[in-house]
Each structure stands twice: as structure tokens, then as C-alpha cells.
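Following are the structures in question.
Paired with chain B in one complex and with chain C in the other, chain A is shared by the two complexes that follow.
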Partner chain A sequence: MPVDPVLLLDALAQALTLFLVASGLAVTFGLVGVINLAHGELLLAGAYTALAVERAGLGYWAGLALAPLVVGLLGFLLDLLVIRRLRERPLDTLLATWAAALVVRQTVVALFGPASHTIQPPIPGSVVLLGAPYPVHRLLVMGLALLVAALLAWLLFATRLGLMIRGAIADRTLAAVSGLAVRRLEALAFAFGAGLAGLAGAATAPLLSVDPQMGLGFLLPAFLAVLVAPGGGPAGTAIGAALVGGGESLVAAFASPVLAQLAVLAGAVVLLRRVAGRRAGRER
Partner chain B sequence: MPAPLLELRHLVKSFGGVLAVAGASLELGEGELLALIGPNGCGKTTLFNLVTGIERPEAGAIRFAGREIGGLPPQARARLGIGRTFQVPGVLAALSARENLEVAATAAGRPRREVEEALERAGLATFAERAAGELPHGLQQRLELAMVLLQRPRLLLLDEPTAGLELGESLAVAARLRTLVAREGVAALVVEHDLAFVRALGAEVAVMLRGRIAARGPYARVAADPEVRAAYLGSRG
Partner chain C sequence: MITTRRRALAGALATTLFTTGSFVAPRTARAQGAPVKVGAVLPFSGGLELFGQQAKLGLDLAAAEINEAGGILGRPVELVYEDNKTDPKTSVEKATRLITRDEVVAICGPITSSARDAMAPTMARGRTPLLYATNYEGGACGRYIFCFNTVPNQELAKLVPYLARTKGNRFYCFGADYVWPQRMFQHARKLVDGLGGTIVGEELTPFGVKEFAPVIRRIEASGAQVLLFALPGADGITFIRQAEDLGLLRKLTVGFLGFSEAYLGAFGPGRGQEMYVAVPFVASAEATGPKDFVARIRARAGQDAVVSHYVMTHWLALTALARALRKVGRIDREAVVEGLEGLTVEAPTGPVTIGAKDHHVTLAMFLAKTRGDQLVTVEALGPQAPEAGCA
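Up next, the complex of A and B:
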């Protein structure tokens, strides 16, 4: 049976979009070790920042540039006021970040109402790709995801800051005893991860309906992509996103969306067991 | 008489109601070498954790170079000149040997060329790109010490530096440590179980029993102390 190339392109688009969302989570969960249930709402905040900036007449591109800064600041405050105070209490962190998610969502409802909104793509229309029309903005999001992957790889593996962050991830206590300002690095990494979520929200907003629930749909697949990722770096996240995002897209196309969701859920259970086993093995 | 470099006063730390450190007091002068011995679970490693800031004491005072440091985070204490090694070599396993030293150099504000010098000095140049976690135990220990020395510490806390080493290697470590203390003027507090190593250090010995310092003095005198013999040395022959 010949495979429709557009389906493959869709799977690639889904994988790269998920990578964009999951890369921020990979920083906050993979690097800082915080299970941030507000990650979806940080994405939501990015989308609404783009909406607000567009409504203010500054256009989509200004919104795309401002969203990571605004949401990065939001992430910084979340870390300062909540997360660092609960550093050694993972269950409390879960509850607190869930509460933060509710606060962000309700703030959005209070400011913009419960209805959905539309953001027009900055470059509307399609280009013909592999013999079929393909939306330009979807291609832009894919390009942005690749750019973020390159930026993350450069930051982590070619800069002194990246080296310090990797040192702090490898062993928090040892890094602190060696003189690294671990808390400051974690705060920076958390704000950066939040900023990436904001960027993902603003980037994907023209492809989706912008409503107060839009962050929820991304949370589970993004966590799965990070959990399945081999290693904590951007390459691992890309593989995780390809497996989860691309896999879900293909199963949905060839079988059914329900089966795809079930496959994702089954994958979640298996992976969580594997990750728990890996964590237990690492304890010393 | 000059103030001691490290001064611990009546430190107390418990875990789940069990006293790990129960009023320990200790002084260490600039450039002084002191071996700290005691049976397993007597609080030696917890004492190190209190000095380096990994744990906070419930009571007592920690002064370093005349300054109260009990409220400072670990990285601030490291920058004041407190370097520490661990029982299981404290290396960043996922990073290469060179990257480990680069992290230590960056944290201590040392120039990058010192990383190359440290690799050469520790005999690790040929292993520079290997992941630290894959290095043999002895090389991990050398890497760990090289990282600590990049901090230019005024005080070294060494937690069982001869764990996993043969007798000959242990004695070589003792000789290197004596040289280091004499040459650099570094003070060192060494937790050790290996009594041959402790004797070879030729330093004063402090004995920790049930969370406090029970005796201190030359090895021969401490070894003759009835309480120490009963609780520790006697049981080890």
C-alpha cells in the first residue's frame, strides 16, 4: 500500500510541534527535576500573549518575540514564589504547580473570557509540497522547532553556562559543594524552560483554537516525550517527540484517533514503570 | 595564639530522632593535618556534611577563618576555601573527566589552562574525554581530588580517601597528602578506617564516638585510651 507523503509530513509536523512544547518541559523536568503540571498553562500564557499583542495592533511577530519573555518572567516568579520553597517535596510540588495552572487558566478566563479566539497566521496560505498544498505556518513552526533544537544543543554543549547546568543536573549536591550556585542555575533553567513553553504557545496559536483549555491537551504527550527521551539533552527530546507525536499522528491516520490516544496512554503506563525502575536503580 | 581555621562548637544533628552528631566540638589550625577515626555510624560523614553545608545543624556553631558559616549555602562555603571529597568518589558521572575539571574551574573562577595542568598533574590526560563514571575507581578518586584542588582550598575534608585501595596505594596517598599539606599549607581533616594509613599520615588523631569527639592526640596515646580501645580500636585488633 503506497503511503501518502502528506501523512508523513503531518507526522513530522506533529513531532516537531511536540518537540517545541516538550523542549521547555525537558529543561524544567529533565534538568531541574520538577514535575511542572503548569507547563501546559505556560504554553497557554504564550498563546494569549500573542493574542494580546496582536489585539494591541503590534502584529503577530511582535507577539511571537514577546511571548517567551513574558512567560519566562512568569516561570521565574513561579520558581521564586512556589517551586524553590518545595524543592525537596515532589508531591507538594505537583499540587502547587497544578494550583498554579488553575490560577493561570482562570486569569486567562477573567481577562479574555471563556470563548475561543483565532489568531491569523502571519503568512497565510499554502505551498505545494510533495504534490499537495501544505500550510505555510505549519512549516514555519517546524523550522522554529529545528532552530530551538540547534539553540538548545549549542547552549548546553558549547557554552560555559551549559556546562554548569549539565554539572548541576549530574549531581546537585556535588555541584554545590564544588562551588556552583545551583539554585541560581535552576532558577535560570526554569525561567528558560517556561520561556520555551511560551514560545511554543505563541508559535502554535495560529494553528489551533486559542482557548483556556488549549494547554491541557499538550501536557500528557509532552511529558511522555520527555519520559521516553533517551538522555536529557535536546537530541533525546527530539527522539521522544518523534516517537510520541509522530507515532500518535500515524496511528490516528492509519487506524483511528481513539486507538492513537489509547496507544499513548498504554505507552505512558509502560514508560512510567520503566522510568521508576531507572530512578530506583540510580539511588545510592 | 592565632584563631583556628576551623572551629566546631557543640554541633548537634539528628535524623528521625536518632542523634548522628551529639555535641561535637573540634578545632583545626591553618596547615594542620588531622585524622578523624571512629566506628561506622559514629557521625563522621554527617560532621563533614555539616561543615560543607549539605546538612544544617540543629544546634552549635561552625566558624571558618574567624567567620560564622553555619547559615551559608554549600557553594558559599566552597568559595571560602572548604574542599571536600566523598566516600564514593564525587565525580559528575555523565560528564567527561575534562568537563568535570572545567565545572570545578568555572565554579572556582580559575582560568581554563589550569584544567589542562590539572589533567596532566593527576595523570588523567589520556582519559580526558572519557565519561568520569566509566573511569576505574582509582582514577575517579584522582579526578575528584584534582577537582577539589582546583578550588585552591584552605581546608580539605577527605572522606575515606583510601577506600578500595591496596595497602601500598594507601601509603602512597598518605605520603602525597603529607606533601600537599606541607607544600601548600592546606589544612586537612581525613576520615579514615585504615589504621595503617592513619599511622602513615603521622598526624594527630581525633576519635569520634556516638556523635562527639571523645579523644584527640598522637596516635599512640589515642590508641591507648581505654574508651577508644573498648569502642573502636579494640574491636578492630
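Up next, the complex of A and C:
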């Protein structure tokens, strides 16, 4: 059976969307090393920022621009109030960020109500691609994902800030004694990662139901993508997102969505065991 | 008769409100004595807040109306709400507390089947009736459980033939991977087979999926004319949005099982149109009963309050409880069971009869569809008896 090229486009779309969603996590988890279970709620905050800005009559684009700033600030506060205080206790960070997630979610319920909202895509309608109508906003999200990938690569590998961040990751102690303000760098990176989550939330909002639970569905695939990624940088995350997002899309296309989630989860477990095995081997 | 009395009451209430500017209950019919406590275990946090709030609207109105009419055998009814956080384990804890600490005569709720199934043994052990008023898959039977909303046959019996007749008899079933959609599709298959139609595909999805493009392509490729859709909540909204974006909704008609007014407004202006459902209550209906009911809810909860069938069925559950106790002439848990069995209650949509054996309701159903920003009646289907699935 010849593969319908539209299915490949769908898989590409899902992989790129997942990359956008996971890029913030790649920074906070992959680089800073914080297991942030509130990542989905940072996306949620981004989507609701876009909703609030749209309701204020400023339109979608203003919301898309504001969401990373608002959520970046939220991330900064989360780091300052919670995560920084638990730096040496990673398991407690898990609990604390989960609690933060609950707080964000119920705050959204209190402010906006429990019901679903819609954000209309700024450019409605679709273009015909490969013989099927393709919504313009999907293409926009895909383009934005590529843009974020380029921005991340540039920041990390072509700027002095990126060099310092990479230095702090490679060896925290050595970086500190070399005079780098490691704490400040980590706080900055965390806020930046949160801002990326906010951007992803606002960008994907017109494709989804915007409701207080929307962050949850993103958390697992995003973590999987970052976990299976070879290395924490943007290239690794892109490969992780392609494996998880693209894989899920293709299995769903040829089998079923239930099988797709199972397959991706099973694949991730196998991959992780191999990675963990390799690491253990190296350390020995 | 009942309608006019309620109307007079509502009128008196409105007058009081407008003339004095504050709420004063009519003094003539004040209930005396220790309150009759009725528990309510509902989700007010944790995901299904929307349904918890809908249920509360109905229960609050029923309690107010019962008390304005003199209470139950002279005693006022008092609702004790507990938040189950959309969680089965919490539901059991709250039910236990209501039964032992508050000594309620019955408990209304919950919303999900998992919470209901978890609570059932506790209710039976505590010999306390559970008044469940959410549409579900059927099969919840026992002396201490009463169901005031629909089971699959009531929702599907007229909907499937209508869609087959007017839209085509090639069906595709797509829903969430749990018991309610599975039972819905089992029943739909029987109906479609009987009509000489075909089910060209049946497929289930886990919750939390954000990207439905692969499924949408497959449904499109199947050549289905009708999509029977049973994916409740936010995921369902996401699917419909993407199906519309990808052009699927132009090629087939959606029978959105479990749809209600609670979904309206989630698709955006002019979108999510012409989706069909069979429901026990349509808020936009022109008939006096529903119109009056919606007005009574909105007089208390505000003019933009959403009124779905969940409001009506929860109102019905508490109203029936009051009638049952008045009929038996005694206030205790067994009296609730005795009184409810075989009882007929006048609902806004007409008489509702509670089965003496199966404890499920025979009630009027309406074929409805989305149009503009409303759910509108297509056809009144008349009373539909439940196939409760009690062995």
C-alpha cells in the first residue's frame, strides 16, 4: 500500500508541534535539570494569557507576543519561591511542582470557569496541500517551531550567554569557581524555558479546546520527547519530538490511537533502558 | 396545576426581589422543624467542575422550591455538598462521612461511572439510597441506587434511525476508550444492523490526545455518512475543532452522543453546527414547561446561566425524593426507596416514571441539533423507556 503523503505531513505537523511544546522542557529539564511537573500548566497559562488578551480586544498576535513574557515571569517566580529552595532535593521538587500545577489549574478555574473556550485562529481557513485542505494555523505553528529551534541553537551555540549556560551545565562547581553566577544563570534559563512553554500554549491554543485540563495531555509526550532525546540541546529535542510525535501520529494513522500511545510508551521505555545502560557502563 | 403554582411562587418571588431589593422567602409556606439532610457528592474541582456546577444549579432550585412549598412533612430540606475532586476514592470517603456523620436520608451524585461504582458498596452497606442523575452506560442496579438520566437505548433508539434516514446509513463510531462509549456503540451496532446499514469503522482513543489528524483522515477515507461520536469533555471539543478545520464536517453528519448545552460556545461562532443528539431536556424549547424551568434557574443563577439536561435531572432527583417521602408519610432512608419505586413525577418536560424494579426512569426525549449558538429541538420523541441492563 502506498503511503499517503498527507499522513507524512500530519506526522511532521505533530512532531513539530511537540517540539514546540517540549522545547521549554528541554531547557528546564534538559539543561537546568529540574523535573518540572508544572510544565503543562505553564502551557495552560500561555493559552489563557492569549485568551485574556483576546478578550481585552487586543487580538491574537498581541496575546502570542505577551504569553511568553507573562509565563516567563511566572516561571521566574516559581523558581524563586519553590524550585530554588529544593535544589538539593529533586524528589521534593517533583511534589512541589505538581502542587504548583494544581494551584495554577484551580486558579484558572476560579478566574475563567471550568468550561472550554475557543481562540479563533488569526488566519482562518485552509490551503490545499498534497490534495487535502490544510488549516493555515497548523502551518503557522510548524513555522514557529522551526523558528524556536533556530533561536535556541543560536542562543546556545553562538552567544556568550549560551556559552556560559553550557559551561554551567557541563560542570556546575567548576563554572561557579570560575566566577560564573551559576544560580542567576539557572534562574534565567528556567524563566526562559517557562516563556517557551507560554509561547507554545498560546500558539497551539487555536487548534485545541482551551480548558483548565489542557496542560495535562502535553506533559507526558513532552517528557518522553526530552527523555529519549540524545543530548539536551535543540537538535536532540528535535529528534526526540520526531520519534515520539511523528511515531505516535504514524501508528495512529496505520493502527489506532490506543496502540499509538502504547507503542510510543513501550518504545520510550526500551530506549531509556538502553540509554541508562550506556550511561551506567560509562560511569563504571 | 403544578406549573401554575410554581409560576405564582416565582411571580411572588420576583415581586419581593424587585420591591424590597433583597431576598425574602415567602412567609406563608415556611417549613418548620429539624432539617431533612440530603447529601450531594459532586465534582467541584479536579476536572469535571462544569458538571458539578450544573448539578448544583438543579439541586439548589429543587431544595428552594421544596422549602417554599412547606418542606417535607413540615421539615425543611437541607443539602450537604461534598466535593469529590473528580476522584472515586474521595467520593467513597465523602459518602461515608455523609452517611455516618450527617445522617443524610440519601445522596445525590456523582457524575462519573467510576465514582458511582466505587460508592455503590458503601451506599448498600449504609442502606442509603444514591440518586444518580447523569446519563451513563446502564447496569447500575440495586435496592439503594436510582438513576434519573438516560441509558444508551434512550439516547440512540430514535437518533440512529433518524440519522440513517436523513443523512445516510454508512456509520463510523469513534469515542473514548472506556465503558460508556463501548456500550453506546454496542447498542448502536444493533440498531444499524436492524436498519440494514453498515458500520464502516469503530475506533476508540485514550483520553488526553491532542492531535486527531490521523483519525480524521481515516474516518474521511471510510466514506462514512454519519459519525457517531462519544468522546466527552475537552477532548471531544478538540476533535470537533480539528475535524472542522480539516474539512471532515462538510462530508458527514455528527451524532454527538452525550452532547448538551454545556458544550455550547466551545466551538466558536458559526462553528460546530448541525450536530445531532437525543436529550431529555432542551433549554431553548418553546414549550411552557422547559421555558419556565429555565426562567426559574436563571432567576437564581443569573441570566447567562447555562441550563443543560443535567440541571433538570438533578432537580428531578431531589424533587422526586420529596414526593416519595410525602407519599410514604415517613422520613427515613427506607422510606425514600419505598416512595421512589413506581413513583411518577411531573418534570418540566412531562411526567417521569421511576421503574419499581429497575429504578431507572421513563422520560420524554427530544431529538436536537446545534444551530447558531444554541441547541434546538428537531423533534419531540415522546417518552422512552430505559433498557437499564439489570439482570
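By definition in this document, the second predicted complex is superposed on the first by the 269 of 284 C-alpha atoms of A that agree within 3 Å, B and C clash if a C-alpha of one lies under 4 Å from a C-alpha of the other, contacts with A are read in each partner's own complex, and residues count from 1 in each chain.
Note that contacts are C-beta pairs under 8 Å (C-beta built on N, C-alpha and C of every residue); 3 or more make two chains touch, one makes a residue touch a chain.
Keep in mind it's a predicted model, so treat the numbers as computed, not measured.
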Item to complete: Scan A:R183 for contacts with chain B and chain C and give back first, second, both or neither.
Response: first
Item to complete: Have a look at where A:G167 lands relative to chain B and chain C in the superposition and call it first, second, both or neither.
Response: first
Practice prompt. Considering only the touch criterion stated at the top, classify A:V258 as touching first (chain B), second (chain C), both, or neither.
Written response: second
Worksheet item: Of the partners chain B and chain C, which touch A:S249 in the superposed model: first, second, both, neither?
Response: second
Practice prompt. Have a look at where A:L77 lands relative to chain B and chain C in the superposition and call it first, second, both or neither.
Written response: neither
Discussion item. After the superposition on A, what does A:A132 contact: first (chain B), second (chain C), both or neither?
Written reply: second
Discussion item. For the three-chain arrangement built by superposition, which of chain B and chain C touches the greater number of chain A residues?
Written reply: C
Fill in: First, second, both or neither for A:V109, with chain B first and chain C second
second
Worksheet item: Thinking of the overlay built on chain A, is A:T118 touched by chain B (first), by chain C (second), by both, or by neither?
Response: second
Response to the item:
Residue set of chain C touching chain A in the complex reads 45, 47-50, 53, 177, 203-211, 213-215, 217-218, 233-235, 237-238, 241-242, 245-247, 262-263, 265-268, 271, 306
Item to complete: Under the touch definition given earlier, write down the residues of chain A that touch chain B in their complex.
Response: 160, 163-164, 166-167, 169-171, 173-183, 284
Discussion item. Residue numbers of chain B touching chain A in their complex, please.
Written reply: 52-54, 73-75, 78-79, 84, 86, 88, 90-95, 99-100, 102-104, 106-108, 147-148, 151
Worksheet item: For chain A, which residues count as touching chain C in their complex?
Response: 4, 6-7, 10, 13-14, 17, 106, 109, 113-118, 120, 126, 132-135, 137-138, 204, 207-209, 211-214, 216-218, 220, 245, 248-250, 252-253, 256-258, 260-261
